[in-house]
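What follows are several structures.
Both complexes shown next keep chain A, but they swap its partner, so chain B is in the first and chain C is in the second.
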Partner chain A sequence: MSSNWVLACAANDVDEEDVLGVELNGQKLAVYNTPKGFFATDGICTHEVAQLEDGLVIGTVIECPLHQGRFDVTNGKALSAPVCVDLKTYPTKVEDGDVYIDVPA
Partner chain B sequence: MSKPAIDADPWVPPSLEGVQIERKKLKGFMRRSDTIPLIRLLLSVLSISFYGWLYYISWGTIWVVPTVILFGGTMSLFAYSLSHECAHGTAFKSRWLNETVFWFSSTLFGQEPLYRRYSHAEHHTYTWFWEKDAQMPFTIRQKVNLLTYLRWYTSLEYHYLFIKIALLHAFGRFSARTREFTPETELWPMQRNSMIFVGIWVVAAAVSVYFQSMALVWFYVIPKIVGDMINMTYVGTQHFEMAEDDLNLAHTTRSIKPNWFIDLYYWNMSYHIEHHFAPTVPFHALPKLNEEIKDKLPEPQGAIPITIDVYKAMRNRHLSIEKDALEMPTSH
Partner chain C sequence: MRHVAIVGAGLAGFSVARRLRELDYTGAITLFGDEGALPYDRPPLSKGSLKASVDASGATLRPSEFFEENQIALRPSEPVLGIDTTARTLQLRGEAFAFDALVLATGATPRALPNAIIRGLHGVHGLRTLADAQRISQAFGTAQHALIVGGGYIGLEVAAAAAGRGLRVTLIEAGPRILGRVAGPPTADAIRAAHKRKGVDIREGVGLSAFVGTDQVKGAILSDGAHVAADCVIVGIGIDPNVTLAKSAGLATENGILVDPTCQTSQPGIWAAGDCAAFPMADQITRLESVGNAIEMGEVVAANIMGQSRPYAPTAWFWSDQFDLKLQMVGLSPGYDRIVTRPGVNPDAISHWYYAGERLLSVDIINEPKTYIIAKRLIETGKSPPPAQIADQSVNLKVLLKS
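The block that comes next holds the complex of A and B.
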């Protein structure tokens, strides 16, 4: 399957250890700036409808703002109740100070 | 009053209308710590143990009354509030510490932790929405008489429900309501936890009988029954007799006037609107969050005046509702 890199935001739009919500191709996504680099996941929690962009980033973990379920943003793995369904992740790359996400066209 | 359709899809959880807070500031409030909660935990455990000693040396004197209230009240507030904070995962920065203390405090409180976590999550999703909020005991549409009131304020009702639910879950029997808010994959962990939980009760009772010891009764059961009334006085201020089926948290939820002594054991849940507004903010940052948004919140009252108002409102409603009105639910 061919890549579809889409400009998401400038790298400095996202503070260190923080998250930014973006909408690409009609999809709500979350972009994370972590100590291990930039990552992207679906923007809505898999437990109930809550915007992950309002959550707390702790290292490479995002904590949902509504019920505090946690996901590893590097692989989308659900880490603790009440979340138990993994989050979809998307490849990212940083070029010339911009963050790109490979999203399905 | 905003009246959303209960089947709105997607459901937008309640919020504080007209209250916005800058992301950077909120992020600062969300930061976790291990040191602050560990100091509070130590202070709480040491002081409650001291109150327990005062209660012990008061046996046979009139001082047993105030000391059992002090010991039981602080123990009950502490167990309920710490278990609540850990259910959110906000008590400690380290997850293992949070989960360990969650088990300890939930056991002391008397509710199996995983069920507590899922039912409380639903409480935040549908705060004070009838038949959706898993922690809403009754509604203003129903007759609530003195007996109902006492059943809740003595905590006998919720302890009866906790025991019943833990026993049913230990045997793998889950209500349709529980299945609604618990993912299928979590039912077995909930059953396993309930088995452990019931096991703890059985072992504690068996050890007491074997050693012919009344220690558990004198130092846990009796103070807990007394203390739960104090705890319910505070828990009852959070939502009782507030607006129902309303998305604005300022209409469904109350904060109370903070009191440093109570808040030490209540883990700052006096700031209850603030907690519902941003549940990711840990207990120790709630006063700072309050400073930021207090101008947009209703003026908080003390717990005792609120409790009196709540009782009056229930009594008036009881008198005004026809005899054949809706029955009180037996469980929820």
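The block that comes next holds the complex of A and C.
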């Protein structure tokens, strides 16, 4: 499968241990700056409709701002109730201070 | 430990089972329920499930494969009738069932109006189960005028849902104001105003004297003498913990099944979690009725069955959705002497911070999840930012978290 790298934001748009919401190809995504690097997931929680950009990042975990479901942003795994469906993740790369996300066209 | 039995296949019971497997417990787990269904989530029952477009099939917590994969023996139609604490068996309809550890997660039952008031009339509903929600949703399809008895969260959410279905709605609250037990005055004011804007007729300090009607309810006479028409009544006047099973087995109860800080009942090896359990918190016996409590207490019980001796010290949190209001609360406000208001970024967002002196006790947030998740972390970590900073919209809350 061919990749489709899209410019998401500047790396310093996202604070350390923080998250930024972006919209790419009409799709809401969340970009995370973590101690392990940049990661990207779907922007909406898999439980109800909550914007993960409003959540809290602790290490590589995002906590949903509505009912505190937690996901590992490196692989999208749902870690704690009430969330039980994993979050979709997308490959990221940083080039010249910009973050790119590989999103299906 | 070879066999853990869990009575009650609700959120708390489910959380115990799930966490036991996450902690690599390898013995048997049997989860007894009496609703004949996979464990499901209750919050939608008073929110999305009452919308016309929704077939209220319910939000199951996990598909049946989850129970098979994790070897959790779910018996959803097996009411537990008794406990023999000496023989360590459960009494079922056709057998005695042996356990090594037992968890009581029996939940709660909505308080009913006295029979003298209901008089067997049709059209009067309580709301706890999926079956209740289906009945109410169906009634909304044909009813003209709903009367909601009780101005707590469930009553207010049902009122919002009924108004959304085009019914005329009256809500009565016998106490001096709505949400008297569970939210501060400014939050109650905001919610009252939202209901008024949508045409819900909220009457506070008004009780119910009698229903009108012979077979089907037609209306009600209120304590102030007023008459209201109503062909559909929903009663949301609180819940009582399900303690009968525990009590008849000789376990200590007091507004719930009494547990110690590790969630163990007065009988070693028998634990309790969720709405049914009364636990010590800050020198008081407390019972919480929330999703957060059911999940977290269930998880602590699982850890302690595995020998961890973890005390349960929760931060209370809750949410409610009414019309376009998303309300979130964290902490417990009793004892506050000051309320600090923080305007939200959007005009429909606001938060109220309850302080006792310089100590932050609780926060109510409307339409700003971003503020909620930070407030929750502040309270969990025992941080009390200076009130002046909270009131200042230009202060970034995330910075307070790191200081």
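Please note the rule applied: the second predicted complex is superposed on the first by the 105 of 105 C-alpha atoms of A that agree within 3 Å, B and C clash if a C-alpha of one lies under 4 Å from a C-alpha of the other, contacts with A are read in each partner's own complex, and residues count from 1 in each chain.
Simple rule for what comes next: a contact is a pair of C-beta atoms (placed from the backbone, for glycine too) under 8 Å apart; a residue touches a chain by one contact, two chains touch by 3 or more.
None of these values were measured; they are calculated from a predicted model.
Q: Record, for the superposition on chain A, whether partners chain B and chain C clash or fit.
A: Here the two partners, once superposed via chain A, clash with each other.
Q: Tell me which partner A:85 touches in the superposition: chain B (first), chain C (second), both or neither.
A: first
Q: Would you check which partner chain A:49 touches, where first means chain B only, second means chain C only, and both and neither mean what they say?
A: A:49 sits against chain B, while chain C stays out of touch.
Q: So in the superposed three-chain picture, is A:36 touching just chain B, just chain C, both, or none of them (first/second/both/neither)?
A: Touch partners of A:36: none, neither chain B nor chain C.
Q: Would you check which partner chain A:70 touches, where first means chain B only, second means chain C only, and both and neither mean what they say?
A: After superposition on chain A, A:70 lies in contact with chain B alone.
Q: See if chain A has more residues touched by chain B or by chain C, and give me that chain.
A: Comparing chain B with chain C, the partner touching more chain A residues is B.
Q: Which residues form the common part of the chain A surface touched by chain B and by chain C?
A: Overlap of chain B and chain C footprints on chain A: residues 18, 50, 55-56, 63, 65-68, 81-82, 84.
Q: Quick check: in the complex, which residue numbers of chain C touch chain A?
A: 15, 18, 41, 61-62, 291-292, 295, 317, 319, 326, 328, 369-370, 372-374, 376-377, 398
Q: Sort out for me which residues of chain B touch chain A in the complex.
A: It is residues 10-13, 24, 27, 30, 32, 88-90, 93, 95, 114, 117-118, 121, 124-125, 183, 185-186, 278-280 of chain B that touch chain A.
Q: If you look only at chain A, which of its residues touch chain B in the complex?
A: Where chain A meets chain B, its residues are 15, 18, 47-50, 55-56, 58, 63, 65-68, 70, 80-82, 84-85.
Q: Where on chain A is chain C touching in the complex?
A: 18, 50-51, 54-56, 63-68, 81-82, 84
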